[in-house]
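Labels run A, B and C following the written order; every chain starts at residue 1.
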Amino acid sequence: MTTTPTFMDRHHFLLRRLHSLTGIVPIGMFLIAHLTTNSTIVWGAINTRAADPLRAADGVVQVGQAGERLARQVGTFQHEVAYINDMPFLVLIEITLWLSIAFHAVFGVMYARSGRSNTRRYAYQGNWRYTAQRWTGYIGLLFIIYHIGTLRWGWTFLQPNNEPWSHAHASSTLAAALRGHEGAWSIGGVFVAILYFTGVTSLIYHFANGVWTAAITWGLTVSEKAQKRWGYVCAGLGFALMGAGWSALAGFLALDYDAARSIEAALHGTPQESIMVQQDATETPHTPTMHITQANTPLTTEGGDN
Amino acid sequence: MSNTTTSIAQAGTRTVRFRIKRADGHKKNVRWEEYDVPVTSGSEGSGSANVISCLQHIAANPVTRHGERTTPITYDVGCLEEVCGSCTMLINGHVRQACSCLIDTCAPRDGDVITLEPMTKFPVIRDLWVDRARLFETLKRTSAWVPIDGTYHLGAGPMETPDEQQVRYKLSECMSCGCCLEACPQYLIEEDVENWDSAFVGAAVISQARYFNMHETGASTKKLRLDALSEAGGVSDCGNAQNCVKACPKEIPLTESIAAMGRAVTVHKIKQFFSGQ
Amino acid sequence: MAIPSSEQRVIVVGGGLAGLAGSIRVAEAGFAVDLFSLVPVKRSHSVCAQGGINACNEVARQQGYSEFEHFDETLYGGDFLQHQPPVFEMTHWAPKIIDLLDRMGVPFNRTDEAQRALRLFGGSLYKRTHFSGATTGQQLMYALDEQVRRYETQGRITKYEFWEFLRPVIDSDGKCIGIVAQDLRTMQVRSFRADAVVIATGGPGLVFGKSTNSVMCTGAAASRCYQHGVKYGNPEFIQVHPTAIPGADKLRLMSESARGEGGRVWVPAMKKNGEWTPHPTPGMAPRTVPVDERWYILEEKYPAYGNIVPRDIATREIFGVCRDGFGVGGGNMVYLDLTHKPKEELERKLGGILEIYRKFVGEDPTEVPMKIFPGVHYSMGGLWTQYTPAAEYERYESGEASIDNTRVWDPHKRPACGLDAHADNNMMTNIDGLFAFGEVNYQYHGGTRLGANALLSCIFDGLFCGQSVVQYVTRRAKNLVADRPQAVYDESVEGEHKKIAELMSRSGAENPYVIAKELGDVMTRESTVVKDEEGLNRALVCVSELNDRYAQMSLADTSGWSNQNLTWARAVGDMLILADPILRGGLARKESRGSHYRPDYPDRNDKDFLKTTIATFDPVTKQSMISYEEVETGLVKPRVRDYSKAKAKGAPTASNAPKKQSAPLGETVGTGSGGAS
């Protein structure tokens, strides 16, 4: 009884609430933005202005074999990527996010390990949600590590296609990373695609359910009725994000690599070859500055025109 | 007649098989024994048989179905009408009171099997009897009482509207049976008394804290309860599986109590942060 | 070994309402309390009490009710077998007890104005029963349990839960100086020292096999005191509750509050030539029975009180109609009908018992009338106790003074003719330092207990008479605990060890569970609602045979750990011993009074039997010796008990208040010639 309480015990409440908070801000907020951005690979089709830089004098977009629809999709996504990369203090934002994820993950694993799932005896819906919250947390964490590691930190050894993701070719290199090959699927790509599907689904569930439980934890929804109502809202949020996540995944998995490549090249106002040359160069993929500058050129020009 | 329980059950005398998990102490000589018990359906006999009356039958004839003489089953039992909470155990895997488990409902046909096990979140004393001392000890952590001045006559207590009374009454029906704790994935067995002060208190105790905070005089020690609930093992250890409210035989709105206490602790802590105390 | 302590200590055996209230009072006075209970105290049998707790209140007072009226009703209901001063004190204390419980946070039902709601209960025409849903006992228990827990954290009460009381330790001066108890988990037997011991172990319902009591209500603790020389009072007065649901393991109580809230008792019947005859199809669906084929038995026979006649009367009527073939479906059941009441109101006021009925019968009592039958419920009798009347009682008793009506109506001006609050012997048994509180105490209820008076008497004992324990310890047991020789404790422990060894070594063919069942069957058959000489003698023979068979018993379990087989077998022996005074008391009481009904002596006989039955244990024959003691009736003169009419005589009622106010109550009160003791 007289043992001095541990750090965890002394700040029990604060840590618990920080854990809950970080899940929503910034992680959850970022998740929403990220999924929205990525789903533009599908929904970008309705963005007519995205293909404008590629429009010939007659108004027809013709880049290699690609039609206007693909140009809009790739164009929008490229624009979003560029926008993010262009944000001020991006490093700070990134570090905050990574620290939040690390905090949420470390404590989350600790908290998850403090319980023993018992869905076998008590197969209630709520109990399944509880258990799923823990499993999706674990899966989500592994997925995030893989996702950031491969696409942000360039752990290409974990990518079947070994090709780093490039900001300048956001859509095409991502599609290649997911499929494990530029064109057709590789065996490894199937696993990557499955991992992505599982990871994205897990994280969305984890977030939506987390928002629901957070409302109870913080005491926003007290009555059973309120909890139920908020449950519908969170389910709505979850399904909307699933729609975004799954469509993004489907969009990239089905992307025509070569066509996207040529669209991206055209957007930069650079012939395809020069990009290829650049890639052959020995610069590390960790330094995105070059790409950003290049990638932004035509778009900023376009922005300047307006 | 619209008697639902008896209409399902087979008429006449039938045999119900009991599989009972026995032990001589916590994790000591754990074994399963099986008994065949004759049961008459409630509409014909002298009243509905329940798990307790079957255990009484076994006590009077302690012979397994294989004909081996054994000892009567040890179990905790009290009121037999589901208000004392004693006879809580796992019946066919689910936690509940044995007294209100009617054989006609849970084993309506000849040869049906009923499995009995002790609760898993408390140390076994013997067979189906467990020691729930931790539950009562935990009530002390949250000052689960109204701090009255003493028993001398000081007039009536605070007035209360019927609505408030109805909410408090429901919470006050908690009989500390432990069903909510047994079903809770966050509440784990803790044999070391030293750890009782930091292990999760569980839904029953959180709900009791709410009960006392709702009382005008009880609220004078609200701070003590909220402080206790904000510490390790407090309300934030809840994982929102919400099994508690499903398992509660008294249908106490435990999840609402948890949320209400979550809110109270949040407000309390924010106030404390800004006021410095 | 007892742990010597320099501190003055009190042992309380039993963690129900009486035990907890007593513990709180004694702890509050600054003494250490060791509280023993067979079960965690929160699970004590008091949680089964449903209906409520009686006390005069402002609304009833303004309608003409008073503490005095409550006192008078209690006596009238109990057929005047009570000593009057304790009842007088209890009823005058009742409002204070309600206030205290209210302060402790008991969620009493409320009126729209946030006042405490009241309901009607048996034996009264005034609403004077405070209630908390239909689980009042549970709510009161929890409130006291919480206060005890509070004292526990302060180190002033120590709980010994899952400990069984085996015997009082009595020294050579005849003083109780501790107890021997056994841990039901480890089976350790040891003695505990104390300056005073309070027995608050409830009633002996299990002597009757199936009853409304919890399984720990064997009466074994009372029996053990009785076997060690404590007198047992009025053993034959056993209350059979009119409305219980039969079950395979117990009879589940359907509170009197169901009738207090408007429930009606009826059976299907046909009226032929002005006489009711059994219904041709007694099993037909109750709601299809035409109104003129419903015999509302209590309303018809007792127009004034109707369904809220005292329990013994309702029980005999229900028992009677079933015997005469009117029972539902031809069996032993009548309807208790609430279906005419609004559902919402029923849920709010009776939710607890409706839930019990739904869970255990499977029907919804708000839709279908409940099927009920009487079941053994409460023992008015118990350990005999003494008291000291307050200063003025003697003047009233001798006829020198009489209760002045106007004074009685004002509780602050009540005469001091109840108990002496400063006495050190209130509710002390004939053994010095051994007190009996609650149901195990024979006081207050006489021939029949009125509904909702039990919770009152339990808490009153604990709070008021707890003060006597304090006085006793202060005045007569100062600094004794540590100095006492160990030998007497060791001897007592040795005695219990021997008893256990002897039980374990028995090797006959009999089984204690079977013996208990047969005891219950014979006791219920011969000594409950209707008793006669022949039947009681039959039962005595049967009990004696069971005693012989008990000696031929063997235990299926002889292990030394948590052996419930042993504890049950030991309790069965004590139950068999307690059955004897219950039967002999009934046999000797050749009259009918309250719940004691002898068709062979159908009338009340005040001349010979306005007396307490006292049973004393004869250690040689193991039988009881019956003697009688005069009852103190100095305040209200016994009158004929007739519930078919509203009260015509006695204390003022709303209907006759003006007339009564002008005339002193001398004609009925204060001129009694009850013997003093």
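Note that in this section a contact is a pair of C-beta atoms (placed from the backbone, for glycine too) under 8 Å apart; a residue touches a chain by one contact, two chains touch by 3 or more.
Here the structure is a predicted model, which is why all the values come from computation and not from measurement.
Viewed as a contact network, the protein chains form an open path, each link joining two chains that touch. Put simply, the chain farthest from subunit C by mean CA position is A. The most central chain, judged by C-alpha centres against the centre of all protein C-alpha atoms, is B. The interface carrying the most C-beta pairs in contact is the one between chains B-C. Remark: subunit B and subunit C have CA centroids separated by 28 Å (rounded to whole angstrom).
Annotation: 45 Å between the Cα-based centres of subunit A and subunit B.
Work out the mean CA point of subunit A and of subunit C, and you get 72 Å between them. Across the assembly, subunit C contributes no residue in contact with two or more other chains.
Those residues of subunit A lying in contact with subunit B across their complex are 1, 5, 8-9, 12-13, 16-17, 111, 114-118, 121-122, 124, 126-127, 129-131, 133, 213, 216-224, 227.
For subunit B in complex with subunit A, the residues that touch the partner chain are 90, 93-94, 183, 185-186, 188, 194, 197-198, 200, 230-232, 234, 236-243, 246-247, 253, 255-256, 258-267, 269. Listed in rising order, the residues of subunit B touching subunit C in the complex are 1-6, 24-25, 42, 45-50, 52-53, 56, 59-62, 69-72, 74-86, 99-100, 102, 105, 125-126, 129, 131-133, 136, 139-140, 143-148, 150-151, 153-157, 159-162, 164-166, 168-169, 172-173, 175-176, 212, 215, 217-218. Within the complex formed with subunit B, the residues of subunit C that make contact are 24-25, 28, 39-40, 42-45, 47-48, 96, 98-112, 114-116, 132-133, 135, 138-139, 142-143, 146-147, 149-150, 152-153, 161, 185, 214-216, 245-250, 252-253, 283, 285, 348, 352, 356, 359-363, 368, 463, 511, 513-514, 517, 556-557, 559, 561-565, 568.
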